[in-house]
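Chain IDs A, B, C, D and E follow the sequence of writing; residue 1 opens each chain.
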């Protein structure tokens, strides 16, 4: 009963409940931002605490089904960091929409718990429950702006589609259980290592691939992403783009690196085809987007494609490339979404056309957009370039030169549509000359995320070392 | 004295720099600076010539201007230095003498022109580059100054840039020269690649060993392209008549005496290269001969005084090239020297006529003999010298060339030479009878030019008379040496007169004068009826065999057309291809975007269809 | 004798009926019903495997209970959203709910 | 014993088809309830008695009733056309049948190893132990999940004043 | 410490400018001029401190950058990179002076320019392929913004076209870099030079590098970005673009392509030679029919880079030294050309050659300078361009006699279109329309005089610069000779 393994989850839950209870006791608390500040302080303390937690393969809770290894801890820290940024962004975002902001912050904590459970789960039941907890909280957060039709519709779409995909996932899991009689990763992989393949194994793999693919927005299962990202409130879209996708990836990594390591011949060709589709469709449709949130949705789909390159590389270095890329992906996306939040606060909608003349109205915001979008595009001073270099090198190393070339070609298309946004941002004059007002918390988020993007870009040394150490410990 | 040889070109350069930097605003001061510095380098040239006459050994010193080393050994060295031998000494004298006289003459001629000091700066720059070319000791340095001389001719022809014809003429001159220099450059680089050095002495040592090889033939022809451009041999002659757009002293200095002579000088300097391949010599001889005849025929019908002199220069250059081609460097150089004097005289004379009459068409002149006696009579002396009448310089040098052509068994060229002598005499005296004597045709009020213009005329007239004697047998007995013993290729030749040839050529010249006298002075045979009878030939000659139009057509239709084709390829094909792919990608993006219809069940359908497809593939 | 494959066939049939329900029904609640059928099919699968393949331990049934719990939560949330949407747009047909597109 | 399985399966499949095909939403709700009963029956056949009881309680008792409430609250226009098929009727049918065909084929071809002869355990005790020991984290998470559902229902479902 | 400081100067300058508020335009201009001068002074100091006789890299500094990749931040300099650094700092300083009377968004203009220059310095100084690539891409975005915001003509189209061409090109170079990295686990030039690669590998890598850096040079089929990019860019930027950015490709191709993969280079050399000839002649003809003055100058830059390509193709010491010195000479000349065209455009607000005529009457200074630059571009002796072209022709004649002759032919065609332009604009009768034009003021003359002095100075005494470049080229050629045995 090693309590330190679940300490982060417990902390998150306790803070979440605390906020709800305060909201019930002091009605004024519900409508004020203090809940948010409490949340942020709580998360910060959790983040600091997480660095002192022991993390190794032997760190298991009751039995081997809930483990706190380096990989899990890394992702947990990532989720907490994302949660901090999201809460900071939502402080001012919610003012016009709802009175009871307290519950909103509490919900972010429950989503965080869901993610953390997924990160540490070593067997499918816990993984599934963590997945559902995270999804349902996100559904609630997406539909939070009740009076906005878009938010409601996004919520509906998200819950129904995620229910369908988890139905498929469950069917796959049931087949898996049928074939091996076990549901924990180690057990299943030991049974599979005996190597008896039957058609149902193929079914199980495909259904798992589609279930998890839904979470990381792999192409045929990505259709929900643009609509939900556009419908949801901007901080939640950011949390979805960063948190939920990263959680999807940790599940993906654990399942496909450990459980199905024997059946690469089956799932690798499928994964490659889907990655090619993701790269193509993610980048091509992003070209034609006019609204920023939808644009960033497609850009996040494209980035899922690049990260999958690391999975296809299927090696230690591939995994470390994924971890490094997720770090810079987090900071770049947070920066971009913080910018969109500021835009929505000031202009009310998120059209790319609204960005014209931003250089004059708010030079600070245009610099932040510049840095974040450059990192997403993978242009050197920012971290994006090193991330892409690391991923592509590893893909070529494993012999997928054509795939790396395709990814490179698609990242050129990506640079085109990022430049289109930068172009509107940096030029042109806008008739309203009143300058943007950016609340302090949002400004802080932007500075930290853009700052980190530059730091990782200019001095990637320590970060690649962390990624490599974790990857070595996991594989 | 030789160690001061590098001073000869640097003096005019210093003059150029002083004018440009300091005295640009003071017109007269810059003229004085230019003339005095040129005079200085003339004195230096004379002293070096005298010293060279005493002991004719060649001295050469140079510095390594640029060296490229590969793996510690030098792979390429470009030298800058000077090589003084009789040939260079003579050329230095001609250039500095004519330059000083032209500068003196120009003070009067250019008075009142707003670009006065710019004019003198350009001339000093020209003298610098010409002298640099003359004393250079290797092909690289020659090529460098060769280009600079081309530049100065461009600047000076286009001196009155507000005249569109002048601008066109200067561009035409420069580009035609560039076409020729292209061959010259390839030739030099070929020489370096094959023989390993640019230096004249080293090259002549190496080339001496080879005889009549194909490589030498190609390189010889390529290098000869340069002189063809500069000395306006047949295909590259088009720029010289148009170069008359520039001020007349310039035509005298550059397009009569010095620059056009650079081609002949270069052939003389690198004579071993050409002499070692017989077929190259034949080519040179026949090109020279043909150009002489070709230019002489055109000169017959020209109306503009400067155009006539230009074509006569062309014809005389052809003569010199023929002499070199035939095999005698000495006679070629001798004719170059004498020709420099009387042709400069004729041009300056024409200049003072134009200055007085303000018109260049000979049919609007006439009756000038009373108004401008010095100019007219010096002009007549020049024409006599040019036609090769007995005591004057032209007789000796032309006779020398004709004897040499006969000696080297080029009988065809000998006949052609005498015919050209007849034509030369005819068109020169046609000009004299129409423009100078006869009745006054237009209401011009001519007056004699000032002393600054007439003094050079007189000096040149004296030289035209005296210069020929240098290579006469009597002079050889009297002083023990002559032009041909001083400046020769391999071994000196003793001057000797072959009265039969001399007689024949004088007869031709006198005949030419007589016929001109009949048609134009006495009008027994009217020129117009003659022109009527040979209508076709007359118009052909008047339009200079339509070569200008041919080149114009080739350039406008050919070059511009090709440019348009390439521009089309660039704009529509290449741009079309790249922009096309960009728009293609963008339109696929737009189409794919519409696939996202927003209906929830369509998303679910895609999900299940994808699963079905994957299982069909997976379970096979 | 009723073997494992019989149950699997029944579960597969139920799953496909659920899929049909989800894909072709206009009314949102009918779609939720379809989803319920899919989840029930999974439960049958699990319990059948548990009974036939690993009778001495109880993971299958445990997982089924978890799934039932999740299904309940999912229905309650789904209906909450459907009702709030209905109240605003008086609309239950999913086809017309396509404000968010392209 | 064998006939019971066929009975329950038949009821299950017929009722399920009924729910899915009928255009009247109330009929399909009721038919669904019936099919849940049949599923409970199957559980009993598989000696999963606790499961059968939970199925009846939760599915039939709670979820079906909830859906019926939902149906009642969102009635608009005539009830007969309340549950019409959308434009993807044909393709939907095709995909469903295709999936079923593929699944059936795979199930048919897999030879499941002979079931180990072990005595079925006392399910309730074992399930309780598993809940609180091996899968304690999942159990807690499920609790939170249900709390979220309630919170969501309140926040979103309630008619904002 | 010199080199790191050299890259830092523009960055510190950019920081300084960020602190100055937008409305003190003159203060901004003076600070940027100060930093420009400081950079120039430092590079001249390095020029004198540089030990001409010692072979190989000098002032080498190295800090581990990404330990896990085995990549460290290595800077070093040899003769070749010093000449390029000198070129960059000269054009940078003159570029600042030329854009003295810029009015709108001055602060951002100089900040972006400084980042661009920092990127360029980085490329010339880095000894690690990845670092060079990072700096190469750092320079991309400032260029995009500068052309897009401060450009003229169809600036939007040109900006995006320019950036996409360059990035597509650098994508090829990126693939090559990755393949090298996987082969040797290091991207450090000095270490790579010691390793030997198999012939087929070298051939693949070289063609990728050729396409990658060929876009920047530009090679013929990939050159379409240059006319639009250069003519749409503001004056100072088109000076930097034509003067320096085009040389990045040439420098990188020499340093990496020929330096590290000699067998590959030898295999592809005939192709480069043919493309070089096309570059020279084809583009010269295109330049002849252009109606817009800036397009003529832009096309002439491509045609001149064709000579560099010819020099590269011949791959012997003389031709490579010629190519590198041509890069320097053409850089200065192109900068001067664009500066003059910019000044003319500023006064006449039109770039169509047909509109001009007889400008020499109103602007004699501009006419003389334009004529001098034109003459330099057609390879008149007395300018450094002639020396470098001569070296290229001598070197190229040894390996490709026929192609070298055709390249020499291009010199004549250059003469034709240059003189045509000079005549159409400056000579001819006085055009009353331009009577109110005032000639170039003394202040504006300073940068132009600097460029002319450099061009003429090295033209008359080429030894210092050429020997410097030779010091850089020699080890590359020795390695190549040893490599290809």
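Heads up, the rule we're going with is that a contact is a pair of C-beta atoms (placed from the backbone, for glycine too) under 8 Å apart; a residue touches a chain by one contact, two chains touch by 3 or more.
From a predicted model like this one, the values you see are computed outputs, not experimental measurements.
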| item | value |
| --- | --- |
| Chains in simultaneous contact with subunit A and subunit B | C, D, E |
| Contacts common to subunit A and subunit D (chain labels) | B, C |
| Centroid-based (C-alpha) most distant chain relative to subunit A | B |
| Two chains sharing the most C-beta contacts | C-D |
| Distance-to-centre winner among chains (Cα means, whole assembly as reference) | E |
| Furthest chain, CA centroid comparison against subunit E | D |
| Chain centre separation in whole Å, for subunit E relative to subunit B (CA means) | 37 |
| Centre distance in Å when subunit C and subunit D are each reduced to the mean of their C-alpha atoms | 6 |
| Chain centre separation (subunit C, subunit E; CA means) in Å | 66 |
| Intercentroid distance (Cα basis), subunit C paired with subunit A, Å | 27 |
| Residue numbers of subunit C (touch at least two other chains) | 4, 8, 15, 18-19, 22-24, 31-32, 48, 50, 53-54, 59, 62, 66, 70, 73-74, 77, 81-82, 84, 94-95, 97, 99-101 |
| Shared-contact residues (touching 2 or more other chains) in subunit D | 86, 88, 91-92, 95, 99, 103, 105-107, 112, 135, 138, 142, 145, 148-149, 152, 156 |
| Subunit B: positions in contact with at least two other chains | 582, 593, 596, 598, 600-602, 604-605, 608-609, 611, 615, 619 |
| Contact pairs between chains, per stated definition | A-B, A-C, A-D, A-E, B-C, B-D, B-E, C-D |
| In the complex with subunit A, residue positions of subunit B that touch it | 582, 585-586, 588-590, 592-593, 596, 598, 600, 602-604, 606-607, 609-611, 614-615, 617-619 |
| Subunit E partner contacts - residues on subunit A that touch it in the complex | 320, 359, 370, 374, 379-381, 385-386, 389-390, 392-393, 396-397, 401, 404-405, 408-409, 411-412, 415-416, 419-420, 422-423, 426-427, 459-461, 464-465, 467-468 |
| Complex contacts: residues of subunit C adjacent to subunit D | 1-2, 4-10, 12-21, 23-27, 29-30, 32-34, 36-37, 40, 43-44, 47-48, 50-59, 61-62, 64-66, 68-77, 79-84, 86-87, 90, 92-95 |
| Complex interface listing, subunit D residues touching subunit C | 1-2, 5, 9, 12-13, 16-17, 19-20, 25, 28-29, 32, 35-36, 39, 42-43, 45-48, 50-51, 54-55, 58-59, 62-63, 66-67, 69-71, 73-74, 76, 82-89, 91-93, 95-97, 99-100, 103-104, 107-108, 112-113, 115-116, 118-121, 123, 126-127, 130-131, 135, 138, 142, 145-146, 148-150, 152-153, 156-157, 159 |
| Interface residues, subunit D side, partner subunit B - complex | 86, 88, 91-92, 95, 98-99, 102, 105-106 |
